[in-house]
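As written, the chains take the letters A, B, C and D, and residue 1 is the first residue of each chain.
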Amino acid sequence: MPLPIEIVLFIFLLTTAVVIARLEDLFAAAMLTGIFSLLSAGLFTIMDAVDVAFTEAAVGAGVATVFILCTLSLTAKREYQQPTRILPFIVVGITGAALIYGTLDMPAYGDPDAVPHGHLSAKFIEIEEKAFLSQDKHAAEPAQHGSGEKAVGLPNIVTSILASYRGYDTFGETAVIFTATIGVMLLLRTRRREKKVSPPNRDQMETTS
Amino acid sequence: MQWLGLWHYWAVIILMMIGLYIVIARDNLVKKVMGLSIFQVSVIMFYVSTGKVEGGTAPIIPEGGHDLVYSNPLPHVLMLTAIVVGISTTALALALIVRIQEAYGTVEDDELNAIDGAAL
Amino acid sequence: MMEQLPALQVVLPLFSALLCLLIRNKTASRLFSVAVSWGCLAIALILLRTVQETGIISYHFGGWFPPLGIEYRIDLLNAYVLIIVAMISAVVLPFGVGHWGLSIPEGREYLFFCAFLLCISGLLGITITGDAFNVFVFLEITSLSSYALIAMGRNRRALRAAFTYLVMGTVGGTFILIGIGMMYLETGTLNMVDIANRLPLAYGSRTVLVAFAFLTVGVGIKLAVFPLHHWLPNAYSYAPATVSAFLAATATKVSYYVLVRVIFTLFGAAYIFETLRFHVLLIPLSLLAMFIGSTVAIYQTNIKRLLAYSSISQIGYMTLGLSFASINGLTGGLVHLFNHALMKGGLFLVLASVMHSIASNEIDDMRGLGRKMPFTMAAFVLGGLSLIGVPGTVGFISKWYLVVAALEKGWYPIAVLILLSSFLAVIYIWRVVEIFFFREPAAEKSIKEAPLSMLIPTWILIGGTLFFGLQTEWTAGVAGSVANFLLGGLP
Amino acid sequence: MREKIILRVVSKAFIPFIFLFALYIQFHGDFGPGGGFQAGVVFAAGIILYGVIFGLDTMRLAVPERLMEYGIVLGLILYGGVGIVSLISGANFLDYDVLNAHDPTHGQHLGILLVELGVGITVTCAMTTIFYALAGRGEK
């Protein structure tokens, strides 16, 4: 049986999403996207993904909302009402139907015998559990680890996989943030600095850009 | 009856589709970005929900904790990366919107189309 | 050090992008990025030789054995695509050294090159990796940097083009993410080889089918396959000319590579073409792309836009080659990957030179330009001939393989349609060539031939279209063995 | 926002705790939830809160824009540098085993610590830079 709290969270999430779609007041919608993130962080905690929950709360409800608010202060505060169109409904309907069709052969939620829990993840957990617990016992003699099997031996398995097993992905992920920042700087950055440098330069800039 | 175990996924898919709908149907560019982030968060939810193991705990090994069942840590790792990608995309999209506002004076798609002379 | 080359192939440009931000000087950052791109090309060449001599290279990040860790797995197919990306970047980056033309935003040059290097490393990273999720990460590096680069165009519409691309690209990327997630659900792994080994157990599953659908649609958006091409014309027309040249020659190619990888390595040709009969969908779409792309190209008044639509039709040829699922068809598609990179890269570089000289890409403003800039415009004519597929150019080689593949299968109407669509290319190329050479120049402007730093890169690519049109051993030879390797499972 | 005295006083009291919390997440990520990325975002949130309350000019005095730009690079170089060090030591890229000659597990722990620190620095500086870029556009 699903916990009622999950049902409640899903109802809240759905309501928030629908309200975001319908609201014309963009400031309110921006705040609601923050709330949406916060609610989903709650859901992630129930699903045992504490790291993801933490990140989603910090990013979605914190920084992303600030960025959106910054943008709104520079653009319009409200959006115009518009007639409902049919095409988006068709696209969304087909995509959603395809996804639901795909779930029909998926293992049930929480099924401990599902395929993905067996292969790689079981291996990760097995290696790390062994490494960490044996380390616990023989904390005084670190040489104990010459058993040959490569392991990280940290309690938080997510951190171990993130930073070591799949450390290269995380390197790429950091590069993604770097790329986005370069992009934002390319788009928004220079004008103010050039104004500061010297006044004659400024006219030049405005005619050329 | 076995479908009862799938309703989590379906709820997540409905959320996803609301996000996608906002992206496609709304004209305001900021609203599109909000839709995009709802879409992405829902996909993250989809992944995380596949990692849940009934009776499991968060994948953090307690001191001396033997024979515990943990939820699948791999989707969590992947989704940490996906969240980062999401915020990066949002930031870049917002920067573009600010520039569009400066160049055109509006961020409504239909008005922008009118200004650009209905070019495709 | 040799065995570390797979990692360096991607880490080198990525690290260099960081250093570019520290250099801050426009000339230094440009020369530095040129040097890096040449370094990448050297690494790619060594990797190709190594693969040819010793077979598949597998590199384990962090020393973790796959599937636990991330693997770089280089076979002939990636090595071939790596060469294309590295070659184009090595030619495009030095284009116009010393001339700070209109295509690079002033005062932001070092950021521009930083983004450019990131884009290169992302493309190389997608190509080289053997891990499904790693593809997604590097795809986002490429995408984010190309959105920023496209937005650097001088027309304000570049901003909107970039935004449209961003929205579509993000939806596409997220679709790919959904596809990877569903594959993970059925196989429990992310390593491509491991997925390929475990997927047959789940062939009947509806989840696998939907995973394939989402991967294809996601990649299709990035590749601009016919009904999903909406972003491409604006993005290519309004981006800075060198960026168009680079993206047209590499980004779609890498997406095509991903599609080939998904179909032939992950799911297996037998499942896709025999069980799902995917070609029934893909062939009509490819034909539509070929005809609609070319037809719309005929009516364009902006030459960059014309080339963008021509790209859509050329992508149609590539996907057509793929959907034959035969050695000749796949060879045609793969060889066209290289050939189209050469010709579109060259043609867009011509337009960059023209932009430098007359600050316009409207066909009307280019009347009589052939007399003022003979070398530049001659390159355009040769590139155009190659686009049509005249014998002696690379375009002919690709079409030859495609026609042969169609005849082999007994699909005669398709062979005829391939030839017919070449006639459409004749029309749109002739229309502009006529304007360039046989019209009187509009005004008395002093237009000079493009500087050598622009002519040389252009002619390297255009010369390549002639050279590889005659010497087919390297391109068609390699593409043929790749096709053999990929179809090894099929009779 | 300048006149909101309560906001200023309260946030002044709060911000040090935000930073402290960020540091805790940064260095406790091995044992509990958290890590470089989360710490970076929380740290950046603290800086941004400071900027929102006290204005961009005050914020620029506290955290210069140029410093943040270099920080992005520094973090990634720290991350990649760990990889390069393992390359030089004869192992593959990002193989932390070789960081400690005697005990590979300690090498792993050291590697993860450094790498997470790199992520934390980059994320903090990147988020702050993006905020500067977006908010700085609004200054007339």
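The rule we apply is simple: a contact is a pair of C-beta atoms (placed from the backbone, for glycine too) under 8 Å apart; a residue touches a chain by one contact, two chains touch by 3 or more.
As the structure is a prediction and not an experimental result, all values here were calculated from the model.
Between A-C and A-B, more contacting C-beta pairs join the chains of A-B. Centre to centre, using the average C-alpha position, chain B and chain C are separated by 28 Å.
Chain A and chain B have Cα centroids lying 7 Å from one another. One finds 24 Å separating the Cα centroids of chain B and chain D. Annotation for chain D: residues 31-33, 35, 37, 69, 72, 76, 80, 83, 93-94, 96-97, 130, 133-134, 137 touch two or more other chains. Residue positions 50-51, 55, 59, 63, 67, 70-71, 74, 99, 103-104, 106, 114, 116-117, 120-121, 124, 150, 155-156, 158, 162, 164, 166-170, 172-181, 183-185, 187-189 of chain A are each in touch with at least two other chains. For chain B, the set of residues that touch two or more other chains comprises 20, 50, 58, 60, 74-75, 78, 80-81, 84-85, 88-89, 91-92, 94-99.
If touching chains are joined by edges, the resulting network of the protein chains shown connects every chain directly with every other. Across the complex, chain D meets chain A through its residues 25, 29-35, 37-38, 41-42, 44-45, 48, 52, 69, 72, 75-76, 79-80, 83, 93-94, 96-97, 102-106, 108-109, 111-112, 115-116, 118-119, 122-123, 126-127, 129-131, 133-139. Residues of chain C that touch chain D in their complex: 4, 7, 11, 14-15, 18, 21-22, 59-63. Residues of chain D touching chain C in their complex: 69-70, 72-73, 76-77, 80, 83, 87, 91-97. Chain A makes touch with chain C in their complex at residues 98-99, 101-107, 114-121, 123-124, 150, 164-169, 172-173, 175-176, 178-180, 182-183, 185-187, 189-190, 194, 205, 208-209.
For chain B in complex with chain A, the touching residues are 2-11, 13-22, 24-28, 30-31, 33-35, 37-38, 41, 44-45, 48-66, 69-81, 83-92, 94-99, 101, 106-108, 110.
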